[in-house]
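Below you'll find the structure, written out as structure tokens, and then a few comments.
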Amino acid sequence: VEVVTAAELAGVVTFAISGVLAVSVRLDWFGVVVVGIVTALGGGTIRDVILDDTPVVWVEDLGYLAAAAAGAALATPLARWLATGSRRRFEEALQVADAAGLALFVVVGAQIALDVGFGAGVAIVSAVVTGIGGGLIRDVLAARTPMVLAGEFYATAALGGAIVYVTLDRAASVPELPAAVAGALTVFVLRVLGIRRRWTVPAITR
Amino acid sequence: VEVVTAAELAGVVTFAISGVLAVSVRLDWFGVVVVGIVTALGGGTIRDVILDDTPVVWVEDLGYLAAAAAGAALATPLARWLATGSRRRFEEALQVADAAGLALFVVVGAQIALDVGFGAGVAIVSAVVTGIGGGLIRDVLAARTPMVLAGEFYATAALGGAIVYVTLDRAASVPELPAAVAGALTVFVLRVLGIRRRWTVPAITR
Amino acid sequence: VEVVTAAELAGVVTFAISGVLAVSVRLDWFGVVVVGIVTALGGGTIRDVILDDTPVVWVEDLGYLAAAAAGAALATPLARWLATGSRRRFEEALQVADAAGLALFVVVGAQIALDVGFGAGVAIVSAVVTGIGGGLIRDVLAARTPMVLAGEFYATAALGGAIVYVTLDRAASVPELPAAVAGALTVFVLRVLGIRRRWTVPAITR
């Protein structure tokens, strides 16, 4: 449990950083903190409200909020510092860290739904909402159509890993730990492959 | 009850289709599914969260989610297939179906609030939120000011029917079924008349 | 308690008016009412949902909803009437009233969290969410990046007052009334000074 929590906090920090760096609108210090918090904790908040698993997780443990704020605070100096030299390498590292955060959030989202007693279908929805909900609200705040709905190979990776985890855990009776690792690895590998090979999801609407 | 549920699922499918077709931004397959689900189930979700009638309806019965996803999946091929020939006729049919869905959602929204024990005022708000909430979130995701707030004769139709239903049910002690039919018919007729006669609601702000 | 409620209703009316006047998109009568209600009651609604203090406050007491709708209805004629003459003076009066509303909402938001049994951290978050949440949703509906995230000295004033109130109430054991007055005054003075002296919060992102 301790390990999972440490990993979760690392995921929160990472999501906050990548959330702030993904936004291209002008923000002041408060805007940066809000965008970081919303990106990192928005998905889990929607999940908790919809599953009625309230109060939401970051109200019960302020460590999440502190981690998100810390990530947001770090984002801008970090980006500036690394820009002198290899901005590109930093962005790649960040994308990999973001993929790891996504993998973790997807599995945690599914686990929470299953623990509360919901079935496989709700668990998969919960996994995807936890993984992508934060980025979705972030883009709404930035007044643009969410990236995750329009071409990026992100939600598909989350969905793939969620299905793998829930299927192993429920249908195949694989113990929780290996099922979780397999699900998280699926998300991570799909997402990193998607970035490396520039996979895009074709547009359907005009 | 069985009939209502069948009608509700039909309403969900219709809302998902009209939601996807109303959006003019580029979406991939996941975006289409999310927009369909959000349009069809967003209003009911806000209602359930605000009334604290949780877990929200589609978490308790995944049929709603499946119906919304099916509607979203159907939307694009349906539109393409019918475009060869009479796109216009298809759009008219869709608007009528959407009006029927709106009528149903408004009455269901009011009924749920009354069943949970709330008064007439909350029931009317619940009816309108259930009817228009989904389209509102859809437009927020598409980064545009919601159509329902700016000129279309849509919310007014919903409000009119909600007042008719709640008044008949509470103040006039009309039995539930005729009250519901009268409320739904009010919404439907007002909305269809609004489309046919191109009624618009005048802008108030600049 | 009676006094607080009267003040709260005044705050709701003020927020609804300033919310409608802050929006620069075309809205019909329904849009105006929705924007007024959302600006006035949106922050409290998010707070209640996140703290699981549901049903949300305006469902339990429709007076809030009526006050918000009244404020929205007043906004346009009021602005027009005063435009003949001293629009500028009206806008200044409105900003001062809005600052008073913000001060009140911040303290009420903190108080509710403390009353429900949460600690100082959650109370500060609750205060800020209650104060700025409505304006944030309003701007999302108007499809623009929320003003409160980008340069205006608004959230900083709210945060300052929240910290003052919660610190006095918890750490310094000051009785509730003077603590609340000190917190509200801090918000009000900071906000009014910010307007008068044109304080802005520097942008951090590009």
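Note that the chains are named A, B and C in the order they appear, and that numbering of residues resets to 1 at the start of each chain.
As a convention for this text, contacts are C-beta pairs under 8 Å (C-beta built on N, C-alpha and C of every residue); 3 or more make two chains touch, one makes a residue touch a chain.
These numbers were taken from a predicted model, which means no experiment stands behind them.
For this assembly, give the contact graph shape among line, ring, star, complete and other.
Shape = complete; every chain linked to every other.
Indicate whether more than half of the residue numbers at the chain A-chain C interface occur in both copies; give same if so and different if not.
Different residues, largely: of all residue numbers at this interface, under half are found in both copies.
In angstrom, rounded to a whole number, how far apart do the mean CA points of chain A and chain C lie?
31
Could you list which residues of chain A touch at least two other chains?
49, 140, 143
Which stretch or stretches of chain A touch chain C in the complex?
My answer: residues 20, 23-32, 34-35, 45, 49, 54-56, 59, 62, 65, 76, 140-143.
Show me the residue ranges of chain B that touch chain C in the complex, using the header's touch definition.
Against chain C, the touching part of chain B is residues 49-52, 118-119, 121-122, 125, 136, 140, 143-146, 148-151, 155-156, 159, 200-206.
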